[in-house]
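A quick write-up on the structure given underneath.
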């Protein structure tokens, strides 16, 4: 399977047709299904064929197509008119959106083929994709393990070599973490870089459409296409187009901070080894690695688990069986019984927990102690990063992405908080709205481990360039210890 | 524990969410665990303040008053659970009756 | 026997006169088939997002300035969370602790205590909900989301009103200010103005407020007064019989004149307000606010005062002339075209208003009216004839009409030529020698008889003002 750039080039040059590209990905999707990966919730040969015809028409019009004929999978919380959008939930089973997300229109305008809607933790709430109402997704290398979450389906497809790139979404690390587990690249842009119009909202001040790629280049090319201010999303920022830089041969002059709070003494040895290998490679390229501190790191996960559920509780109020989605009515047959039965039956246990926690922290008498408090701490967390990139004088940060490699299915589902702790290294970045990526650094006992790079706001171009240089210097499939 | 059964049931009512009787006890335990976990934020002193973090632009961009709605590929009859004569239908208000 | 003081505060929602909704580009219009002005945003579809309407903000700022409120350069949109069938997102985008404006006042004449200045607590912007129809289908509520997302400005008064009649007077004054300022057409019939009222009573002299109730579902200013009257009576009866007023919401039934509590549970009014994460802060620079200040017309109170001072118009007439800004503009244009103010007042409040109320337009331009008044004053047409000429144009096809043209066409030009007048006078005096003798004998009242006869002889065309001196001269000689 070709990478994004190579595939687009072939199709633009006429060496491969969009229809051929569509047939190839259909074959790979069938194989993935046969394996029981359960990564996709919807795909069809008819839709792929229609996508190919659309690309042909675009090519005939002569417009430049940076993603010509490239199949891209979409997490199933990104709305599409041509395929259902379930958000991994029963409450939206069969729902067909009457409009397309902005990112979908931009991908299509660039010539991409929308290949499939992928499985996810319900409403993007989770870190393992075990909370999907449509069954869990298997880790592409080990079926006993989870691919991570919430964007586990997209990660698994890229990890399994079905597509070179896929869209996911991040609220608290839901692309970086599965990228690390699956041994692929996951890029979270700056909040406000990419339109959320058509991304089903979970935590509105945190949600970012994000990109998986087999390589940094794959992900970067897709990000450049979907980035840009959108008049339909008031939280996007006026910005220059994301221009990808050439991969630097040397990183001399680059200062990279390693925040001590991300390197606890009991950090998994394989994860640690992966970071060490990345640090060595960066030094060999001429970068200077310095210790820094992000003092409020320990509060990131609790802060996240106040703010994200609060926003989610409000965002999910619209799912009530009245205007769309599945409907159930309780015995009383009246409106409250419509709401309660629909939502009670339609939402899974994790979503229910988060709605209840979110409602609680906003409710009368508790707003100050929880919600307002979490906002205060969020400000402090964001300030930690500003200081590190400012007075601290570092250009990027290097950290582990996850505390461990992929865990086993069922290992963390009995205690909600233990699942939340999987996000300790990725949550703070989300709260600060910063761009970050996970890059595979190797294998630990056969399981992928990853490293995270964090950049200042709107610093994607340099972050991607450095990541590409680092990627070239490391063997992502080699054992790290 | 900082949150009890009554509070969980109250919040479930606010959120219009049915909780089957057999789930209540387990749910109260889980919510309690989460609430206790996030309560550690109170270790951060109230006086420790930083500049307000604003995700996205600092100022909302306004749109001019020109007609131009995002078009719907299909009308509401295509996705509404119950639709008649151009109206969305829901069950009668019953115990929710207000205006 | 207690004397009870009534304390009333009003929450008024006005819909700004924009073309599109508050957070999306759907048309904001009235009376279209159900669910035809909808889009992902106002339907609350998954993934949809709000983008605020600049004009809705401008008009709200203008309204705030017209009310003398302080416009805050930074305000914040907040979500008000609750469940209802016509609230598609399960929350309303409104403003909570950082509203667009605070302060201000509305001045009006109270029937009981003269000029009252009622304070305004705040003005904030928000979106409207859709419409729920509970009686259209049995066992069902029908929901139309055309109205969902239309822009509203909510204006909250202080608890400064002391009677149902004052509430009504406040509403009349508030409406006038907002209509003048071009913010909204403030029509309760079309639903562009809605009122929720809060009423409590307390023993006269007590400073602490009693428990208040909220009254909704009043569809006219008159019904606001009726509903508040009924509620006041209910509270008085309750307290005088030893009961307690409960904090409830009541609905007014216009047919029966009764207020009754809603059957909804009161416990769930925890709206869990928080700043809407989909909308960055609303920041208005000085230029934005100043532009609205400049766009304010002379407001009704100031205009009334100026009419009295500049044109000598009485307070009552000034009120009548300024009720409708277009009428006030018309009046002033006619005066500026040269007509004498007192005459213009009479014509405008009479014939012009009749035509305007019937057709919604002014078929006579102010300049032409001034011309008509001048012709009547200098006798070219009689006052009667002037009215006929006016009415002619009201009924006629649109076109270019001149006063002299129509007068001639209708044969209404008064004859003022002294030669002609003398001729008719001579004829009449010769025809009635007896009456001439009686006049010369001292019956001065007969002058009216002679004028009438000259008018008859001239077929109504003689200018009576010119006839009288000629008669006087000839009768005395």
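Annotations
Per-chain numbering from 1; labels A, B and C assigned in written order.
Operating definition for what follows: a contact is a pair of C-beta atoms (placed from the backbone, for glycine too) under 8 Å apart; a residue touches a chain by one contact, two chains touch by 3 or more.
What you see is a predicted model, and the numbers here were worked out from it, not measured in a lab.
Chain pair with the larger contact count among A-C and B-C is B-C, by C-beta pairs in contact. Averaging Cα coordinates per chain and for the whole protein, the chain whose average falls nearest the overall one is B.
Centroids built from CA atoms put subunit B at 23 Å from subunit A.
Centres computed as Cα averages put subunit A at a distance of 56 Å from subunit C.
Remark: subunit B and subunit C have CA centroids separated by 41 Å (rounded to whole angstrom).
Counting partner chains per residue, subunit B has residues 14, 16, 55-57, 60-61, 63, 70-72, 75-76, 82, 88, 90-93, 95-96 touching two or more of them. Each of residues 40, 43, 48, 51-52, 83, 85, 139, 141, 143, 270, 272, 277, 279-280 in subunit C touches at least two other chains. Residue positions of subunit A with contacts to 2 or more other chains are 95, 98-99, 205, 231-232, 234-235, 313, 317, 320, 322-324, 333, 335, 339, 359, 363. Residue ranges of subunit B in contact with subunit A, taken from their complex: 3, 7-8, 11-12, 14-20, 27, 30-31, 33-35, 37-42, 44, 46, 48-53, 55-57, 60-61, 63, 70-76, 78-82, 88, 90-96. By the touch criterion given at the top, residues 81, 95-96, 98-99, 191-192, 205-206, 231-232, 234-238, 296, 299, 302-303, 305-306, 313, 317, 320-327, 329-330, 332-341, 343-345, 347, 352-353, 355-357, 359-361, 363, 369-370, 373-374, 376-383, 415-417, 420, 431-433 of subunit A touch subunit B in their complex. Every residue of subunit A that touches subunit C in the complex is listed here, in rising order: 78-79, 85, 87, 92, 95, 97-99, 101, 196-201, 203-205, 231-235, 310-311, 313-314, 316-320, 322-324, 333, 335, 339, 359, 362-364, 367, 371.
Interface residues of subunit C facing subunit B in the complex, by the touch rule stated above, are 18-20, 24-27, 33-41, 43, 48, 51-57, 77, 83-85, 133-134, 136-137, 139-145, 216-217, 249, 251, 262-265, 268, 270, 272, 277, 279-283.
Remark: subunit C residues 40, 43-52, 79, 81, 83, 85, 88-91, 139, 141, 143, 270, 272, 274, 277-280 touch subunit A in the complex.
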